[in-house]
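In what follows, chain A forms one complex with chain B and a second complex with chain C.
This part shows the complex of A and B:
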């Protein structure tokens, strides 16, 4: 009796707190980027969705990106939102295999826009012949360089390996460290490795390596490391890279102590924050190493998925369709300075890096997702530690590669 | 009054109404908790249109039911004649019950769970139906472990931590001896020395990581006075050029662990110091005076007269220091995350990294590492329990 009374009293109190429209259905979204521009772009897209669907009550959550990598496991298994961000490629593999994501192949087939404008990225969103998510953004990788220093020394953008090494010699002669990098959190080194491997061996070999079909002690991979050693020798990196994160590594670049940076396009905003102008920085594609190898690029994508435990699947699909539209993809990526995976979306023609990035990616022979997304997480962790170790001590190469073979045999 | 005397056994009898009543309430509460109360029901009952907003009241209702159940349970037990007759023996266990239950659920059971996971290959996921996705692999994880250089590095670092961390005990003792005098303002000095222990380990880690930073750290600034000069670079900015590069302590696999231990020692010394300072308060002045009369001074006085009286403080200082060394996790996490390339890992951090960290998700392998760490700790803890037991026996 009294229990019921308590419940009623509680109910009366709570009803005041949580009043909402009666006929609404829910949509809970979990996003994972608190950087001001990313957050604003996401919120703008959610607002646009709300305006287009006034009958849906949207709860938009947002959290830290690194923490999200841990919490998503719990979120998918217990208290799942209706839409959640995650990475495509092999990184979505464990969740797809455990049946924790919803198969949305029907949406890809039925939605005109999705089936016609996302061909380049579709293989990345596919596993077991089905599609699992919708990408909202991706970006190019390449070499960002100090155009003013290049000009001062009369250098030009290198087209092949020899030209790059030549540029490095000239830079070192002038007292400038050719490359900056910060390997404290390891992944930056993987960017360099990916490009060296893509240029030395091409997309197929790289993909086979990250898929576990080729050993690290394979001669082709050794050839990649030989190029890297040459790079370490002649194009040295800043000496304190192991204690810097990628943002700290911008400091020597901004000061003019280092001239090049192998990075993703998300870094451009930070160069500008560090005081560099559009005239001082420029971009070139990582130069050719083995002549005739088709040019593949790194283009990590971010995507939305529907957890298998989602309670409002129809609303979730509506949201995915919505964020795939050219309008939203264009606006979103203009706001965050990245590229829309939707080929029909508009890009910011005033941003030279975006224009060049679009040209780079649309003509690429293949798109890699970045080492730590192409390879399973356990392999990526060991691999990137190996890359860092190699950069600090190239003589340990054999030991590193044999160690990686062991991990590879274990985790695939 | 007369009734009590007439039947003195009445107070030991079961109060049937109370036990049955409380039993019914308990049963109802458990039934409601397990089968009835859920978000959908609260949503329905309170007229909410949405699951999400119904979660908060659901939580309150569940808590209320749980507390009622516990109260009813206690009421039931205390109404029983067995309890009434054995009050003194049973009551302590009733008070302990909650703590023991939580200890079982959160400590004892997980130990065995984790040992059992160490024989499996599992990525930490259950599928959509809640079915466990791992598979049994027997001793495979342990075989891999023996062949894993990172495991041996971690184990070696654990030992280095244990040995070097012990320095905190003698250093703490000497600072305590030094501070154990009556000078104006000594309390301020004592507080200042104790200060690092008050700061969170994470903050200590960050401060030291900054101090070690070869670009802008304290150490590199000092280094700069001797080996570096400012020069203009190619674009006209002033930049530092060094004839000998400043040491990159956390970036060098050979130095990084020592760098972290040095940072860890700072608060640990303060901790040992405060333990000894309290111990020194209890050192009997008579015995020191007697020692002085017999001609003991300096080291001899310290070794033969003061130290034996500080034995309890030493014991606690060693115990907390060993435990501190074994759970050196947060320092490593803030300063190097186990890097460069895993060279500063200790078993605890390596386990975390392999199982939970960054979605690596080798739960079976992580559990195997945890099991090894557990066995090492078990040896140490058993030894100390045995020592304590022996001391107790001698004490009597």
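This part shows the complex of A and C:
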């Protein structure tokens, strides 16, 4: 009995010792990706931060990505960590407007990295003229194509809409379906819509649409759908697209039955898994439609934010500043095969898609975050259902657009 | 009412039975077979659409060891054990006590109280999600294994009590009466007389509860977010990327997760079947 008491007393003393010296200040981080590669990259960055700041007691949490989307509001209001992951662009809007995120404009102004090397993504992190978060990763979208098929038919990367349609005609003439896509889970169609709209109307109009300021029956949006109809007609998509998810849609691409795919860069590993080599696949930016419209790109980013209820704001800012350094940005994104938003960060020069993506994004006039992140969830769901319906039956356009206007009126 | 043994049927019926059985079995096991085939397939097969055909190469060991290398599958399996075993002990242990009280003691509220336990089984537990989360946040047991065990045990107690009470009710009451006449203490009766007699029921119940809890996905998802205490059913999900689904690894991990209850079933098969029929006919 007495022995047990001694142990207890000793334990209590030890705990007191730790809280007295080492736990001088805390930093609680909430991350949202348990996927092995993503998790390892996050943990490596946290370890590096710990090594650089031995006086800070870091509590690094990690959870499921989908669950995080549901629990974040509760976390921000009740039991806020000091740093939390979320999405920039319009997706951060509700939390910024509700006063749940901390304004870090001062950090953006004073930090040597944030103030100089994040120019391409800065507008995405900005709302009401202030900056709210620090991005740690993003990746490009564009058209992935079968370079070997292009070469065989003597085609070259299209620079504008006419050239793209011309390529499509040639591909169809050779019995190859121009585009593959799998719209079973809808979001793939949104990628096509985003690009058509960004190229037809530009970033401002696209942003106004997803922010609910422009109606879907607006003539400018109708013009986008007119281009899409033209694309459906001359650049056919694989006919079974509604029954496939995006991974299944790689199959016709890998077999050479389809030659192009509007996709994100995360798909490259899958092409290679399907047996395609670096020589067989290549990437081009979605071609220009309306001449003179500044080239905006789709580049979904992931970022860290400081909740308004954070207890250790100074440590949190230290962490965000640390995450913005070229070293961490480079290491993190090399590990997960994505792009560092810090333009000065080192990238994997052996990966031609990463090199091309870096060049594409760091020179873009605007970065969209993808339709389902830019538009509110309810609007995005209705919108993407509408896109798929349109792809299956373009004649239903009026009905679809009017339906979307109704949803828009309810959602915003 | 009872199935006639197949040997007593006509020769024709026996042949038809022997032909039909493997075919039915094949169709019955087809989904499981498909998962197994996917789990030994190289990733290139899935990417090129060879999902149901013969795998181009067999990667049984490679895929299964990759599951352990890429995720903390071992930790997840241990976590599941840490959740399933205490829950089993707790709910079966308490059910022995409640079952004894409800079956042996004659008091006015015995039957209504028993119905209360039974009624608990008919509440779909999904609708209790928010209250349970609120309670566990208030009690600060959210995200902890003991918290999850407590809720599991509470939810399983209704069924366990139903089971144990009916089984104990079927014991000849004279046994207990004569023990009482002999002056044996009440706890002694429970411990030395009733418990040994209901051993088969306890074994059967343990197998059932262990399997239920092992397979639980819902409460583990709701109550545990912390990576290090996730059970295997939820842990399998970590193989799902935001975009890329590694189906060959997910299949392998799913089969690994399903293995222990299957093994448990084969070891305890006798009790399992007894358990399914015992509770049903008594009462």
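The rule is simple: the second predicted complex is superposed on the first by the 387 of 412 C-alpha atoms of A that agree within 3 Å, B and C clash if a C-alpha of one lies under 4 Å from a C-alpha of the other, contacts with A are read in each partner's own complex, and residues count from 1 in each chain.
Definition applied: a contact is a pair of C-beta atoms (placed from the backbone, for glycine too) under 8 Å apart; a residue touches a chain by one contact, two chains touch by 3 or more.
Fair warning: this is a prediction, and the values are worked out from it, not measured in the lab.
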item: First, second, both or neither for A:54, with chain B first and chain C second; value: neither
item: Touched partner set for A:266, first chain B, second chain C, both or neither; value: second
item: Partner chain(s) touched by A:71 [first = chain B, second = chain C, both, neither]; value: second
item: First (chain B), second (chain C), both or neither touched by A:411; value: first
item: Touching partner for A:62 - first (chain B), second (chain C), both, neither; value: second
item: First, second, both or neither for A:255, with chain B first and chain C second; value: both
item: First (chain B), second (chain C), both or neither touched by A:148; value: first
item: Chain touching more of chain A, residue-wise (chain B, chain C); value: B
item: Touched partner set for A:176, first chain B, second chain C, both or neither; value: first
item: Residues of chain A at both interfaces, chain B in one complex, chain C in the other; value: 248, 251, 255
item: Residue ranges of chain B in contact with chain A within the complex; value: 32, 45-53, 56-57, 60-61, 64, 123-128, 133, 144, 147-149, 212-215, 233-237, 239, 245, 248, 250-253, 337, 339-342, 353-354, 356-362
item: Complex interface listing, chain C residues touching chain A; value: 43-44, 46-49, 70-71, 137, 221, 225-227, 234, 237-245
item: Residues on chain A engaged by chain B in the complex (per definition of touch); value: 3, 6-7, 10-11, 14-15, 17-18, 20-24, 26, 28, 57, 59, 66, 69-70, 72-73, 76-77, 91, 94-95, 97-100, 146, 148-149, 152-153, 174-176, 183-186, 239-244, 248, 251, 255-257, 308-309, 311, 377-378, 381, 385-386, 388-389, 392, 399, 403, 406, 410-411
item: Complex contact set, residues of chain A against chain C; value: 33-36, 38-39, 61-65, 67, 71, 78, 246-248, 250-251, 254-255, 264, 266-267, 269-271, 273-275
